[in-house]
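For reference, chains read A, B, C and D in written order, and residue numbers begin at 1 within each chain.
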């Protein structure tokens, strides 16, 4: 099914750009997905800034983070983060490593991110903290050795995300939509938590509320709606990944068939752009 | 009077997009208005992100929050917020539920929003706090059951807004213009209150000042001017809801007749857009 | 000299939009200038949001804040702020009243804005605090009565700006360029002061440094450069006030003759715009 | 080699605009580079706002900060900062002086910026603090006398940056790429440090981590990737310096030959712009 794989690669490029547009990724950070047909492989871009990744940049890797085809481009140094988590967590289908400004104060102060609003429950009740120094002493803080990746995966355990000391965070999901929602809502949660602390006493969700709200947040109709919303915002900012003409037509007809949610503004923008392109 | 109803539906779409553009709404949140001819009904969009809502998305609901016409699209899960408030508050003509970043720290820390500047008096002297947990224990924090909606309406009482624990806020108004002003100024007020607290002692308006400034803020010439201002900002960002050609002509001539406040820039933008559209 | 007056009115519109673009003004706030040929009059827009003001909106007022020609449009309620300051301060040639987010925490907490960096010295060593309540008790906080305006002017004294409790600030200058610089740098100063306080002990400029840096900041080559910079930013955001074709030509040739500072980007933007307009 | 020098001048203009676009520079601040063929000279713009500088604005100066050719335009008053550092530090090839909002609270509170995340290690283990007042008493805080420039260079010592009391910072690099990375990451580091302090205890990198991460950050493949990223962002915002047609062709073919990293979006933007220009 070559179409499916092409689509998945497009979705990975889209997720990278979406998270770049929402302030989770910048020049650094990366998003991967487990191979749709082979759970022993994953798909990750060659080394590029997330905001400019295209479907053609997405390469296949084994779970030992070796490229399946000899690479002709630079690769991300930290791809063991992805491989080691896919090895340790069969339920995980998508991984994002990032240094979002919203979570950096927590990664620096060693303060746990705790769910403080219903959408923040997407991060789960606990976000564990991994201190690379504990096991590996002085490093440049990148996670590049397999044993570093395995140590991080152990710290992640069964959770949805893990904070990394003076470095950032790694987030996982059961699909790209859940991953992107979790990454963005965890950042919002961190911002609100910091400001609430400056205002008074931070009230967290109870364990029960976290479980219930988290289940709600993971429902496809919720993650699909936010996925659509962040795609529209990316589209308005002119940041959608380019598509081959064939893929474009397929996507357009699939879209037209499945829902009437395409906004006229989005359509207009696309039209404007096409005009500019063909003039 | 089909024209009036079409116009009201357009205004609801506009209010949703305006509040999206000013940072009060994002992928979530919704604005409703009481039906102009039938106080036993209200108008609310089908389930969409506020920034892309169009007049055609606006549906009619009974005050029990049942759709008047069997729906062909998803509906907002939390529409009882609207129905229960319209039942409890005959004076309320418009309702907005939101999770604005500015008020989240207050909804989390349980700190009251108090009027700290003249425009912030729009929120009234007191914004009550509703803790869903008190009455309903662990929930996913959405307000979906009629009894939850009624409890929230009771907590709102005669006030202009109510904070909701770890969730957000609900704001009401005597018309869409007042609602939008109140929602935006309450967010600004919250931001200033937090920063003033970090700087020193927060001085609030006296009860008398709040009453006087609030009355001033509610004058049509004030809420019309801010409505015009936020519409212009939305227009510049390319976010106005689409209009049918007929409605467009009617609106344009009404506008030309009632004031000379349309800016040349706004006109230029509209002209540019029309050109782009018709080329 | 009708050309001069037309130019001054254009400059007032420009200053309003510039301060709107830099986040000092929003839907509210206003900028006036003393009449270039008659010190007993001043020029101020009819009641509009600053970001959309055009030269044609600028009206003449006596120092009692009465319009010289019977008005056909709404006027700002708070224009006595301008008239009373021009009466009390013959050296003042330009006035701005605003509610900038950066200074609101200070106007609420009653904490003085003190010069904390060289450009912040533009505000002078002391920014006095006017508490309307002291003299007038409960009001809606607008400054609308002549006695309120005079009280504010007394509190301003010989200074460059005055804070107004739970309301905002009023800034003055010896010309529009100094006024705009002072208003913007005072906002930056306030932001840095708040953050420095959160970090440690705020070190202020000495009286001598404030005097020396303030003199430097007021030099025409400094205020002209910042005026050019903020004009360019406004131009890029598409916000310049419209000009009559004649005025446009005059301005363009004056510009070409006086300096080679027009950026190619600015020229390109203007060209693009003209194209869009004439197509 | 006139081509090389033309390219270097273009790169200096680009670095100025890039740092303007990323919020390090605004109306003020400047970037210089040591002359590529003559270590006794440096290249710096005539006095302009960084965001509008073009290659043609870049002038040659001796290390005494005298213009090599009699100038026809205003010069930056503070150019001794550059000359004195090039004299004292033969290893330094590029210098930036700025007043970035992110570092101002530190320059005001006198709190050291310390490395709190791996990329922040770009600033080195220690950023010294220079208090102009200690040696020169009350000044307008500009660094304009040779003895002031030499004093600042002494305070900088062998470090990568120096904070200047109530004024800003000066950053140095072994080339423009390292300089720009260091300036931007030092600002991010400062922001995270302030927020981490508000959240809890700030954990800094160890001396070993700082050394290792700093070495990594200085690798050409890292500084080239971030340089590309910030160039793309500048391009999207329409801010690239103009090029002569010949230079443009040369740059394009060099780019095409050296890597396949040019994004399709960047290409599209350039194409769009060319279209707009040639229409």
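Everything below uses one rule, namely that contacts are C-beta pairs under 8 Å (C-beta built on N, C-alpha and C of every residue); 3 or more make two chains touch, one makes a residue touch a chain.
This one's a predicted model, so the numbers in the text were calculated from it and none came from an experiment.
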## Note on the structure
Ordered by label, the neighbours common to chain C and chain D are none
### Task
Indicate whether more than half of the residue numbers at the chain A-chain D interface occur in both copies; give same if so and different if not.
different
## Note on the structure
Rounded to a multiple of 5 degrees, the Cα superposition angle from chain B to chain C is 90
### Query
Whole-Å distance, chain A centre to chain B centre, using C-alpha means?
32
### Task
Take the average of all CA coordinates in chain A, do the same for chain C, and state the distance between these two points in whole angstrom.
45
### Query
In chain B, which residues are in touch with two or more of the other chains?
197-198
### Query
Line, ring, star, complete or other: which one describes how these chains touch?
ring
### Task
Report the complete set of touching chain pairs.
A-B, A-D, B-C, C-D
### Task
Within their complex, state which residues of chain C touch chain B.
26-28, 47-49, 51-52, 54, 73-74, 99, 101, 104-111, 133, 137-142, 165-168, 194, 197-198, 238-239, 242, 276-277, 279
### Message
Show me the residue ranges of chain D that touch chain A in the complex, using the header's touch definition.
### Response
116-119, 188, 191-193, 195-206, 208-209, 212-213, 215-216, 221, 225-226, 228-230, 232, 236, 260-261, 263-266, 268-269, 272, 275, 279
